[in-house]
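In what comes next, chain A is part of two complexes: it sits with chain B in the first one and with chain C in the second one.
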Partner chain A sequence: MEGVNERLGEVIEASTGGFSAQCYKLYELPALGELVKCHYDETEILAVTCGGSTNSFEPGRRPIARGHDETSEDSLYQNNPQLNQLLRSEFGTVVVGFRQEGKYYHYLPSFPVRLHSFVYRCSDEEIIAFGESLEFLILLEGAQCEVPVEELIAACIRRMSVSNGPDSGFSVRAGKKLTEMYSGDYQRLRAILARLR
Partner chain B sequence: MNSQAQKKLGIVIAGSLNQGIQARLDNNVSVEEVTVGNLVTIQGKSRRFFGMINDISLEVTDAGILQSSSAAEDSFISEILSGTATYGAMQVAPYLTLGVDNSLTDGPQPVKSIPSHFSPVLLANEADIELVFGRESKENFSIGNPLDMEVKLCLDLPEFVRRSNGVFGKSGTGKTFLTRLLLVGILQSGAAVNLVFDMHNEYGWKGTREKASPVKGLKQLFPSLVSVFTLDEKNSIDRGVSTDFVVNIGYDEIKPEDISLLRQTLNLTDQAVSATYQLQKRYGNRWIEEAMKLEDNEESAEILNSLNIHDATFGNLKRGLRNICNLPFVKPQVKERAVEKVLEYLENGKHVVLEFGRFRDITTYILIANLLTRRIYERYQAKTERAMANDSAPPRPLVITIEEAHKFLNPGVASQTIFGTIAREMRKYNATLLVIDQRPSGIDEEVMSQLGTKITGLLDSERDIDAVLAGMSGKSALKSVLSKLSSRQQALIFGHAVPMPVAFRPRDYGTPESYKELGSLRNDVDDDGLEDLW
Partner chain C sequence: MALDLHKVASSLFGMTNDFAASQETRAENLANAIKIFASANNAKSLKNKVEASKTSWLVAEIVNDFNGKHKPGALPEEFGILATDGSQIDVDRHRGARCYLINIGTVALKYGNNPRAELNSHPLLFSKEEDLAARPDNYIPGREMMVEGSLLGIRRTVEEFKYLAELCAGIPKKDKALALVDGSLIMWGLLSKEYPDYIVDAVLENGILQQMESIWQLNSERQVALASYISFSRSTDVVNALRVLVCPHEKADCDKYCTGVSTEERPCACFDGIRDRDIFWQSLDCDERSDVFASRSRINCTRYGRHRVHFYYIKTFDEIARVEVPEWVANDAELLSLSHSLVINQCYKGQGYPVALSEAHEQAVVTGADRENFYHLMDEYMAGKKLSVTISAKSLSKKTRWV
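Showing the complex of A and B:
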């Protein structure tokens, strides 16, 4: 598995409902709504990224503007190589299920991931297999994260829809699941559906 | 049993025995594919239910959807919403139930419970229809196909003729075709003998069709079994009909009861009607002959005085009687009594169609139908009672077909005419009516309630629909089906002889194949037929 999946970073904060990870390289963040995974013994814990950020390593030390005399942003980073060491990119995730003995479960695992677990990007095949059931959308709906839940759900469905292919009808299937979840709240439903394309 | 072959329409979501069952249509079933009148089966946990779709609706889980225009404008959103937040639903009236093991020993039973939530609703298939309505056989006559199905819908004719029945529908909906089909069925199966009072000369030799060539009548299909009587020999000859007997009525055959029935059409006063009884008392059977002799002189005045009949009353009566006596087939003396002849034919198992030729006015029809039927009633009553006393075979069941039935069976006269009596009690004497009418609301309620099986084409007057459906359980459900029937080639049958109401398309009549199928007698292949031979 490790050979196939791209390693994105490492868990730096973990709870049962979600974890945060730091990227190994500055700005190499997974997209919003991407499916990622970590290993916990024989279990693969799956999560959806719910937002990324880039900050200074030291909380008290704010970055300062350095590009006054630079011609481009790239040259700014090239002329200030220390920036790659002083800044870090992080992303948060919402745990949406796990896989044990080859079978996917679309609810929370018993334990949170361990700190320093490696975080991998899921392959298209894994996304398609996990997306056969859409029960995990309930977990996204209840997620506590900085981006609006509607944005998160729409981004996740868009991303999974790309893996499933344009003719798979995945968006419609997901839309129908959302209709069940948001029966009685058409305005929210419509807001999400409007973000699916 | 055959769930693989059946198309699933949806699942039960709500309902009650009284109001019917509400089912939600599956996502892949378009609401436009489902039609009112379709038969369905519902597979409950421990039993199966048979019912009919009587309403279809569009439902929405959130009223907000209706207020937003995005669903209508955006095909992606409308695709997602359809089948989830917006869905089709149907109302099913359950009629019959069957144990889950499909034990045929008991057959389908009237429904007394309803299926549980989420039971699948399936479109009934051929096996279901055969299970409920039986397979075509000598006694099970195919009357057509249930709407949108190819399977034959069968009617148990011996059961059908056991009660009086009605064929209704507004003008042009195919009442005559349906009736002709039923008569052929009765003929074919030998369930009863027919006496048809054929007001418009439609049944005997040939019948007319709108925008098409004429169709064969009963005599052309069954020459040896059907005899055509006529009131109007000249007209029959002109139409090329070979008749078996020309009906003439003697003055002495007309009774005061016949006149009282014609009170309205002859424009008689009540006093004139009661005068007929006085005259009969005095002169017996010769009362008409004698009454016609009474002139405007002193002698006559004395007689009328002695009978307590006022001059003006007598004048009114005489005008009426003259109308009757002027009818060409009413003669002072007749050699052969039509009643005897009709009875002779019926007793020999021959079916009689009485054509009225040009005499299509209602006076003639009421007079003749009532007069003949009364005698036949008396004879049948006597024969049945004798048969009961001697423990011998009762007379052959008789079906009397009358048109424009509301003229005989309206609340004003139903209690007086023989047809009212037959509809109410003649079942015991093996004679029943086949009532054909376009205005069922004009028929006495009591008579309507006694009709066993009713077959009705489209009716659009609210009163007529109510009259036809009076006393039916699930009336409102049938009402919606009845009022949505096509104005041609569709009918609804319900009542005694069918296990559940069903909308159907009558089978073809008028094509060479149909004549071939209908014209053959159904006793050659059947086991019962073989037994009869031995």
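Showing the complex of A and C:
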């Protein structure tokens, strides 16, 4: 992980339940399931990344294969420097809570983030503090995103486990929370647990 | 009712029949032209004959050789490509507020160890009286020319050169770069109408030639080649030199010898329908360039000075393109070679067309939707200032169609 609260990009689409952001640099996407945050006045809105994509800036201009005579992918980008200006990486998020006056809340904030809000990567300390309650997993469960919900929840727990460390008991807490959430859906529980290994 | 294709289909069919029928004669003419081109081995005598000729068509001036082929030089390790292109929203005479917009797209690409790209657009709005009408210094009312239509196109070209020169000014010392524009370096648009001298001066001496001069001056401490790229050129300058070559008279003189002679009976009729690109498509190998020629157009010979436009043809993997360069590039072996190798390299990167030009176009282009949005915003601001938004009845009737 790079520096604390590294700025990743800027919100280009926002709703109460989630937002999309464009990265400042091509391919510098946060990982799937990573915790990110935006500021809304004094409130910090927290979200989990639920997918990334890289596309042409203009919908009418599809990327074409350019590397037939290139020796490597790096040299393709070196020899076509305009690509960095014509392509953009974007990521979607699911809002999972907010922080006000130092206290974390694990449900939706009253307002969506503003367009062009800066999006920051959360620090390990922030991830640990927010992860003290796993109530937010319910928001991920109901998320409408392109990746399967099992993948999203598992990716988020894996990412938080790294910040918490192996001896923190986080994995056990997460397992208990999942068992509680999916007590009536063994297949789904099994699918998520299989992705935590 | 939109275009009724059923009604035009038979005419279209007839047109393609005519094309097909002329193909055989054209193929024979082309084979003959290529044979004559390849065997023209006395460039000096042809050069003299061209210079002495009086023709009704434009003939290429032969600079050194005539039918040589040149491979591109090695690419420099580091180099820059700078390009501009433009588009416009013309004055809409159906609207109350007179104004026009020129949008200049600029591209600066740097290749080598630290590659980077800067793509920008510069929309310029003109609405002041002095922008809307071109006037001479000693202005007499009624003598001004409205800047719209083709004159606006010419003004846009001047802006393209201004921005290109600005981009070039940022080239670090000792660097190598190619400054590229789309279309011809020769302002043919000035010849299409009888423009008064003050317009020609504004466009040439105080316009593009001034910018070409400042790019040329950069060469004291850098290597900057200036070139323009003409895709699928329709020029016949070199073919016309062949016409002079086969002319049976010592000095070709169309008026003297061929006035009243039917088209088919002229001695050079065998070159009808042949363009320079047809000849070079067969005589050049991929990536090669032709010899350098100079344009003998009047405006080029009398006004361009040290920037007199020369040209050569290159064969990319899918077409023959005409590359025009000022005299100072044509006469400098290194700059000439730089222009050739970098244009070819740009074509490879751009799928057959220089990538810098295609991106400059993308930056500059103003779509129909952009135009609508522009006028919508203008109307909004006008309404905000309690100004009446006048639209002609004709314009309104086109927008609100009824039965």
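Convention: the second predicted complex is superposed on the first by the 193 of 197 C-alpha atoms of A that agree within 3 Å, B and C clash if a C-alpha of one lies under 4 Å from a C-alpha of the other, contacts with A are read in each partner's own complex, and residues count from 1 in each chain.
As a convention for this text, a contact is a pair of C-beta atoms (placed from the backbone, for glycine too) under 8 Å apart; a residue touches a chain by one contact, two chains touch by 3 or more.
Source: prediction; values computed, not measured.
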Chain C versus chain B on the shared chain A, clash or fit after superposition: fit
Partner chain(s) touched by A:Leu196 [first = chain B, second = chain C, both, neither]: first
Geometry of the superposed three-chain model: angle at chain A (Cα centres of chain B and chain C, steps of 10 degrees): 170
First (chain B), second (chain C), both or neither touched by A:Asn80: second
Touched partner set for A:Ser72, first chain B, second chain C, both or neither: neither
First (chain B), second (chain C), both or neither touched by A:Ser183: first
Which of chain B and chain C A:Ile64 touches, first, second, both or neither: second
Nearest Cα pair across chain B and chain C, whole Å: 50
Overlapping contact positions on chain A, where the chain C interface meets the chain B interface: none
Chain A - residues contacting chain B, complex: 171-172, 175-176, 178-180, 183-187, 189-190, 193-194, 196-197
Touch list for chain B against partner chain A, complex: 61-62, 64-65, 68, 70, 76-77, 79-81, 83-85
Chain A residues touching chain C - in the complex, by the definition given at the top: 58, 61, 64, 66, 69, 77-86
Complex contacts: residues of chain C adjacent to chain A: 107, 109-111, 115-119, 348-349, 351, 355, 359, 362
